[in-house]
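In what comes next, chain A is part of two complexes: it sits with chain B in the first one and with chain C in the second one.
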Partner chain A sequence: MKKRGKGIAATFYGTGYGNGFPDVSKAVAEVDHDGNVNIYVCATEVGQGAKTIIIQMVAEILGLGMNDIHLISEDTSQTLDTGTAAASRQTYNTGNAVKKAVEVLKSKLLEKAKEHLKLPSLLGLEVKDKVIYLKTFPKKRVCFKDLIEEKISVEETFTAQTVQMDEETGQGAPYWPYTFSCYGVEVEVDTETGIIEVIKGVCAQDVGRAINPELIEGQIDGGFSMGLGYGIMEKLNCKDGEIKNNKFSKYLIPTALDMPELEKIIVEDPESSAPFGAKGIGEPVILPAAPAILNAIYDAIGVRFYEIPVTPDKVLSEINREI
Partner chain B sequence: MNHISLTINKKMYSIDVEEDVRLIDLLRDQLFLTGTKEGCGEGECGACTVIMDGRVVNSCLVMAFQAEGSNITTIEGMSDKDELHPIQKAFLDKGAVQCGFCTPGMVLSAKSLLDKNENPTREEIREGISGNLCRCTGYNKIVDAIELASKEIREEKKE
Partner chain C sequence: MINKCINPKTVEEALDILESNGKDVKLIAGGTDLVIDLRNNKIDKNILMNISKLKELRFITIDENEITIGSGTKFIEIIENQHIKEKIVGLWKACKSVGSPQIRNMGTIGGNICNGSMAADSVPPLLALDATALIIGKNKTRSVPLRELYLDKGKVDIADDEILYAIKFHRLREKESISFEKLGLRKALAIARISCSIYINLENNSIKDIKIATGALGKYPQRENHIEKRLVNKKVDEIILKDIAEEMSKHVSKRLKGRSSRSFKSIAIKGIFAEAYKSAIKGANDESHKSHNK
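Entry: the complex of A and B
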């Protein structure tokens, strides 16, 4: 018999290294004598979209098209340390470093333009498409190329705030900021085979501010799939320190047939310390899937599982025990 | 040593291959068609998918000499010079690529599916790519992309 059930789970996750560990990102922003905008960071792109959102942030601050920005990344001979692409920290930490550097660069450019245009004030000066102009009198203008004789380069550092927890009491504030998630799922449990099928998912994801909604959706899909595998499929089978399920024929991860269609709800609540309010979501999007699925299994067959993955053999042995 | 003749991406090849060379080794190491990726090397992940005589195969499970006389399409044969294939374009438009390692195999599985069934349901698309593992995307945007490509290809044919 096939039995259906629904479950929800809400989670929160602290991004960054946390627990007092130094969490530092450095970025360099420059405009060279040809007026080119170059950004140097070392935010490793693994497909999550770090490069895309960094370029988006620079474009927003400097009024440029994304193709006008030259991003130099992942080359340690040319870039400073921006820490690892881990702990869901690149958007927040490196994003903050880039934003700081580009904002300082922008104010230097405006200062130079003020002198060049012989203006008494910075008021009303705008930057767009590599031209600085006076908003109220746009003929008063100068392009980057004519403004800059020697390249202007700005290096900025962002250091996250984090408090080491008290070893005795476990008290402290290890992370800042936190990212919140809430998923609801519907499952169908086959009581004859023990196979669990996740047939629908609704994912509400707090992001602070959605710099790139399409990338966020992609992260939610991917995270849900990892969480689904974590909850009901993926088993390393460690024996005496050795991983027994060391190939895809034994270590099963979700295929396209295992993934349900997902309804995604992006929740925007800008974080005051974040670049444009945006927080990291890379790991947070994984977390609620497995507990939501386990709650749905309980709703379907009345069995509470405390260990993952809930594989068909475990489901069957619990059902048979009930009988 | 075997001497084989085959067609890869509409180009004829006549080439010597060792007995123990797999099709993926021939493609990558001898012909430098490195768009085909090797993932697991045991036919589970689909990263090395190519189309051989109209069927998708894992090129890690086919010996090179078995490809004698066959007609093979790899990811390098998908685009028409500088023009991307509608499936490739749809993958870009729908954000169906993250790390990209599974992408060549996904695109070829999609092509093989759409060659046989030009208007598949989403469930049929899922089945069509179920031999290709992806760890990043959760598949949904890949399904969206193949659905879009199917629409584009049908509209192209109408014109």
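Entry: the complex of A and C
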């Protein structure tokens, strides 16, 4: 018999290394004598979209198109340290470093433009497409190339706030900021074979601010599939620290056909300490999937599992124990 | 260790090579299983003969009474055959469940049979159809019922100088049908943990003939004669499926004694068997055979 059940799970996730560990990102922003905008970071792109959103942030601050920005990343001979692409920290940490550097660069450019245009104040100066102009009198204008004789380079550092926990009391503020997620899923459990099918998922994800909604949806798809595999498929079979299930023919991860239809809800509540309010969601999007699925299994067949993955053999043995 | 590859242009040329050098030759068709073995250095022969380009082995012929499928026919070609899709539903479903599109585009039905895997998807329906294997060698041909082809795990009754030429079975008529159910641990790229295929022939709402075959429940896919005997000549309405499934479970439990998968498989077979049975009955009652093409 096929039994259906629904379950939800809510999680929160602390961004960054946490627990007092130094969490530092450095970025360099420059405009060279040809007027080119170059950004130097080392935010490793592992498919999450770090490079895309860094360029978006720079474009937003400097009024440029995406193609006007030259991003140099993942080259340690040219860049400073921006830390690992881990802990869902690149958007928040490196984003903040980039934003700081580009904002300082922008104010330097405006200062130069003020002098060049012989204006008494910075008021009303705008930057767009490598041109600085007075909003109320656009003929007063100068382009980057004419403004800059020697390249202007700005280095900025962002250090995340984190407090080491008291080992005695367990108290402290290990992370900042936190990201919140809530998923609901519907499953169908075949009580004769133990097969669990996830039929539908609704994913609500707090992102602070969605810098690139499509990338976020992609992250949710990917995260859900990892959480699904984690919850009902992926079995390492560790014995004395050794992974026994070490072949992808047996260590199963979900295929496209195993993915349910997902409804995605992007929750925007800008984080005051984040660049444009945006927080990282790489890991948060994985977290609620497995607990929501286990809750749905409980709703379907009345069996509470405390160990993952919940594979068909475990389902069958529990169902038959109940009888 | 393979140190030589041969690409024969015709079946005749291939048989000549096998006659003189058969002992040293490993055949490769789609390669979806063999290439993995090659990488793992599991092949002890030293000549690889590629038979994937032999058009003579790639055909599906449907005459008045019989369907013959050449051993080099790819799964995709079987899936795309309209007659098989509509009438030989269980075989179609099994072929459709093989691996992924990439594997179905390369893998052949002959390779699936000769590899001798206990979990070969296309074999249970062929067993339930009581198919015959046509085997050829230089100046010789012979027919072997598929159920007698398997000798042991990974071993088939085909000599070093022979090739599986084709597989042949009767066309299905009214009130006949074939079903297939598979338990895989995900929806694609899943090796069968259990599979079951049932051929049924109904007459006046009683079972005139039934053939049940299972996969992944022993050294190789096999017929379940004891269960067939319990069902043949019985009125469909009088059959208590739950009891038969229970009996099936007991047989499986006995057969898998000592294996870690025993407790799971002996329970799960009940559901898979019941699904395959219901689907076969439904197919036989539905003369057009069309309603349950999934």
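In this section, the second predicted complex is superposed on the first by the 323 of 323 C-alpha atoms of A that agree within 3 Å, B and C clash if a C-alpha of one lies under 4 Å from a C-alpha of the other, contacts with A are read in each partner's own complex, and residues count from 1 in each chain.
Criterion: a contact is a pair of C-beta atoms (placed from the backbone, for glycine too) under 8 Å apart; a residue touches a chain by one contact, two chains touch by 3 or more.
Just so you know, these numbers come straight off a predicted model, no measurement behind them.
Of the two partner chains, chain B is the only one touched by A:Val46; chain C is not.
By the touch criterion defined above, A:Met233 reaches chain C but does not reach chain B. Which of chain B and chain C touches more residues of chain A is settled by the count: it is B. When both complexes are overlaid on chain A, the residue A:Thr311 reaches chain C alone and has no touch with chain B.
After overlaying the two complexes on the shared chain, residue contacts for A:Leu257 are found with chain B and with chain C alike. By the document's definition of touching, both partners, chain B and chain C, reach A:Ser249. Legend: residue contacts after superposition of the two complexes on their common chain; A:Gly222 is shown touching chain B, with no touch to chain C.
By the document's definition of touching, of the two partners only chain C reaches A:Glu192; chain B does not. Judged by the touch definition given at the top, the superposed model places A:Asn320 against chain C, while chain B stays out of reach. The intersection of chain A residues touching chain B with those touching chain C, taken from the two complexes, comprises 249, 254-257. Touching chain C in their complex are the following residues of chain A: 190-195, 233, 249, 252, 254-258, 311-313, 316-317, 320.
Partner chain A is touched in their complex by these residues of chain B: 39-40, 42, 44-45, 95, 97-100, 122, 125-127, 129-143.
Touching chain B in their complex are the following residues of chain A: 46-48, 214-215, 217-218, 220-226, 247-249, 253-257, 259, 261-262. Across the complex, chain C meets chain A through its residues 100, 183, 185-191, 193, 261, 263-264, 267-268, 270-272, 274.
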